[in-house]
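Sending over a structure as structure tokens; questions will come in a sec.
Going in written order, the chains are labelled A, B and C, and every chain counts its residues from 1.
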Amino acid sequence: MCPFGTISSFSFSLLIISPLIYLLARFDRRWASAFLALASGLGLYKLATMYGEWGLPSQSFEIIPNVTISFTNSPIQWYFAFIGLGIMLTIFLFEISWLSKSRTPSAHIFFEAVILASLPGFFMAGDLMTLYIFFELMSWAAFFIVSQASEKSEKAARTFIAMNTTGAMALLYVLFLLYTRFSTLNIEELRTLLPSAGAGFNLIIFALFVFSGLIKAGSFPLHTWLRKTHGNAPDSFSAVLSGYLIKYGSFVVAVTTVIFPSLLLFSNAPHFMGLPLPNYILAVLGGVSIIVGTLMAIKQQDAKMLIAYSSVSHAGYIVMALAMVSSYSVAGGLLHVLVHALAAAGMFLSMAAVKYRTGTTNMSELGGLVDRMPVTFATYLISIISTAGIPPMVGFVSKWLIYQSTITGGFIFLSFAAFFGSIGSFLYVFRPLATVFFGQRPKRLENVREVPFIMQLPMIIISALTVIFGVLPSIALKPIAEAERYYGIKPVSFSFSEIRGALGSWNSVLVFFVFMLGFIMAAVIFYLARKSVRVGLLENYTAGEIPREIINSPELYHYAHNFYRPVERLYEHHPSLEDFYETALGENLKKFGVFLKTLFYNHRLDWYLYVSILTILFLWWLL
Amino acid sequence: MKKLLALIISLALFIFLFQLVMETPSKLLSERVSSRYVQKNVLSSGEAEETSANLVTSVVLSYRGLDTLGEVTVLFAAATGVAFFMKNVKERLNFLFSSFIVQTGARVVSPLLVTLGIYIFIHGHLTPGGGFQGGTTIAITTLLLYVAGGLVERKRTVFRTLEGLSGSVYVLIGLMGLAVGGAFLYNFLPLGKIGELFSSGIVPVIYVLIGIKVGSELSNLVLHTTGGDNS
Amino acid sequence: MNPTFMIAIPLLTAFLLFVLPKRRWLNTLFITLVALFTSVYSIAGLFNIEKSMSFGMGGWPTPFGINLVVDNLSAFFVMVTQLSFLLTIFALFGWYRAERYSGALMMTFLAAVNGMILTGDLFNLFVFMEIASVSLFALLNLRESSGSLKATFNYMVLNALASSVYLIGIALVYRATGTLNMADLSQKWGVISEASATTVFLMLLTPLLLKAEIFPLNLWAPRIYGRSSAGITTLLAGMVAPAGFYAMIRLFSLLSSSGTTQNSLLILAVLTMVIGEVVALTRKSLREMLGFSSVAGMGVLLMAALSNAMEGALFHLFNLALAKVVMFLSVELLTAGGRDDLESLKGTYKRNPAMAFVFASGAFSVAGLPLFAGFRSKLIILSDMMKAEHYIITAVFIFASIVEFFYYTRAVQHIFSSNEEIAGGRQCSHPLSTLVLLAAAIFIIFTGIYPESVMALAEKAQMALTDVGAYVASVLGGM
């Protein structure tokens, strides 16, 4: 089946009917959301049927000479698109109910329709121009959705679009550099043509691509927009943002490192431990991203911002893994895309569910929701186990693969970063668990119920998938191995339940059974032992006295507040990259603008004359 | 300080322009367009093609007629602009001389002035002068009548209609030239003998129109801007 | 197609307005009919041009008489200006009924801009420029506000200075070559020595640079855009600036210019663009922001024209003019001439959703979002500039585009903000205005997806520009 017919018609028809979807949403938002869920399901089905039909090019209309909108199908593209459509499906199911709490449901659905349309268009792009166009469309739609959440989110959205557009424009520039050099923007053709260009040219291309990819992926050093944007976005959309949209950036990095054969391109560059220097630097940036993301996440007070920083750290994993371009690292990196998509979606959806019922995600205002919202709790728990890379969830598989490559490659810093990320992630993911779900329940949350079934369904699906892929990772590894084979990398070797690595192999089903055994034993002990005793929160640490402060700000004594203060003190005075970007670039640019205005445009007639004369003299001197 | 700067800039400008003029070559007079105008021999047909005795008129109205239409329009736009602004302005200029001598004198002089103006623009194609000059003279009459004790009546509507009418007829004549001769402002009336009153086709007609137009325009200008408290 | 009508009919209307009884609906009807006529006539003419044609005035042969030239380039520009005018007239229905004076001035303005584009004579160009400026001096104060008079005064003085420089230039040209006709001049230009040719050429270019809002002659522009009513500044952005640009590129192609000239103009264009965008970022008033952006846009056009991307520049001019006109008009209707600072704009989409949509489509077109017209033209400019190996300038252009994208998105975000409640309910504009502006907005999106027709026009225009021989032949060889 020709991919053109399917993908482009999917994308374009969605784009065309998106205004109609807007109208439908104004009529009944649940139908609109359900319609989009159906559409994504349909897309998934069509995509599934296209598995195996690699490399069928398609042409569309010409934009500039020799450049057309084209789509193609290859394992890596299929993989990204499939995960994306799956995530969107769960989100749309969730939103059927969630939208009732949104302030602008119809606009929200409209822009999400645009994002859904851009999804297959972007990933299945056959040439860079198509990539760029759908990239822009997606950023623009995301911008508007984020703006709608609240007053604060408008400013966050502006930071988002500023950084995103910079990345997109860098992409555009490199696009035209390639076009001028090779007269084509087709990805497959470029793949074969690039090695013929000089190393300097390839370095510039690489750098610009990486720049644009890192911004979108939210990886260090261009990650500063994530906290405010994901933190302030409408809740279900945060899941889309973290779960899927930042994978657009990871895809760009994958294009640069895996598809454009970066190892080949830089084969004449200086190498470090067997890896060309540009790749190594990229991997180091990924490693730093892991560390920075972890450390920053520990500091956060708001659950969503915490998860946003965890996305930074995971983006670092993906970037680091893809940069190393070896058999295990590419497999690990690609699998991590799936891992993080599921985990981030799971975490954000459960937080969205909590906010749906309680109205807040500030951890010091919540507590004890485990028995009121069991499905939400279970989703969150499973997601964080996966994030921390603990078996039997799928998170363990990807991390294991990444460890294989960093250790066998001899990269000390990268291995350290990878381990640090895992351990540190357990620190920060535990905090929402402990503070939101465990602990004392505030009086006002006494009557909180679980979310409606249609909202539980996606959470259940995500949890189930996390477990299933953890038990049988071979299902996910199949397209990944295809992808590796397609681009000339030795595919990771595995069988139905066994994964073979360089340092040994393990059987996932066996591991799962061991865990189940342990779980059952613990459950038995729990139910047979004595029941726990309820104790009031305050009595825990005020020993019966009631200090004055408690009345005014009880959260001071909520044990979630400043949970990790001792750890934070270790790195308290760190330079803030967020502020740097905002002041050094944003504010200074504005100051420069004001300076220019007062210099030139200050509306006195004689001033006009002086400026003109000075300009003439300046030109005369220059030329 | 500013004056010093202004002086320096003006001097610099002068020197610069002087050098520029010195550097640009000068075309032989006979090779310039103007020489053919003077000879009234643009068409190289042997006969005098242009029969207005006044050379300036023939350049202004015949050879470069579109420019004149443009100039008329500039004046029109400027006067209309003034009228536009003056609509909302309450304060007007008020400088009347109410002495008896001035008033009587004005009454005597003004018909003569008007006649002079009309003479100038009717004979525009024969003698120096023309529509603009004649019209201005007429407007001066209005100013005189105002200054001399406000003798002029508020004839704004008449002036305005005259203005519009004359302008429209000018453009219509141009269009008629297009219809008859295939070019805008083509001279389609009989050319006659050079030096006579009724010669050179549409030229005197246009000058009359311009005279009426400019006269009423500038008179309206006077009327708009003056009047003090009794607008 | 005889271009004389494009000038004569509006002029006739202007004069007739003084004769007809003062009925506002009559004046409005008259003006609308004329605008419709010129628009349709220009579009019809545009598609019927086989080769360049010259029309002498009064039947005199050039170079002795004045002539009007119609070829694909001038017809293209005439079409752009007519469409801008038509849109403005329709949008003005909402709040302005043509009176005698302002209506007449609009007609003379229309005739003058057409004349500027169609003429083939240097002095005639001057005359038409003067008419356009003088008409604007009054029109800019249609909705008088604090500062609009002062801004107009500044514009007046600068305009006079630039025109004086131009006249001196013409005097020098005549002294050296003995002719004022553009085509004839192109044959005789070589007489002037290289050094003084640059200076004289720049002198001729001065008022055109002013009209086309190029630094440092655009210092008047932002204040005018900020203080005058947006319904009238549309005329500046959509008619005067393109006309100035036309005259510039025509003179460029007809008269050979040195590399120094081109480089200096390129630097000025880049300066215009960068300064315009960076300052626009800081502006709180939407109209001022749009003004600076308009200025920067003209810088982009000049930069593209000088960097071998003329076809893209022409296409971009069309898109820019349309988008700017649409944006100014929608801002006028959205704010009803009131406050236009970004803060007070929050949530105004609820007041007038159609105009908010129109503004958004114009904004995204200029910002270069895919699916909108401006994206396609920007792509062509980028690809042509890269082909000419102007890597650094392209990078600067990309930087300017980022800034532009940001502040336009910010403005649209404010307008569509759902976090504020605004006083007063729906205030829809006059249905005719809404309809016409919506049609323009949809056309912008349509051109973004299927730009072929407009691109073909731009291509023909560009070929007409470079085909100097045909121009000269039609002017001198004919009558």
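Heads up, the rule we're going with is that contacts are C-beta pairs under 8 Å (C-beta built on N, C-alpha and C of every residue); 3 or more make two chains touch, one makes a residue touch a chain.
Model, not experiment: these values are computed from the prediction.
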Most widely separated chain from chain C, with each centre as the mean of CA atoms: A
Innermost chain by mean C-alpha position: C
Intercentroid distance (Cα basis), chain C paired with chain B, Å: 31
Separation of mean Cα positions, chain C and chain A [Å, integer]: 45
Centre distance in Å when chain A and chain B are each reduced to the mean of their C-alpha atoms: 75
Of all residues in chain A, those that touch chain B in their complex: 606, 609, 613
Residues of chain C that touch chain B when the two form their complex: 2, 4, 8, 11-12, 14-20, 55-61, 63-66, 101-102, 104-105, 108, 111-112, 115, 123-124, 127-128, 130-131, 134-135, 137-138, 141, 144, 168, 172, 174-180, 191-193, 195-196, 199-200
Chain C residues touching chain A - in the complex, by the definition given at the top: 150-151, 154, 157-158, 215-217, 219-220, 222-223, 260, 263-264, 267-268, 275, 278-282, 364, 369-371, 376, 379-380, 382-383, 386-387, 389, 391, 394-395, 398-399, 401-403, 405-406, 409-410, 413, 416-419
Chain C contact footprint on chain B (complex, rising order): 17, 20-21, 23-28, 31-34, 36-37, 42-43, 62-67, 69-71, 73-74, 76-78, 80-81, 83-85, 87-88, 160-161, 163-168, 170-172, 174-175, 177-178, 181-187
Of chain B, residues touching chain A in the complex: 2, 9
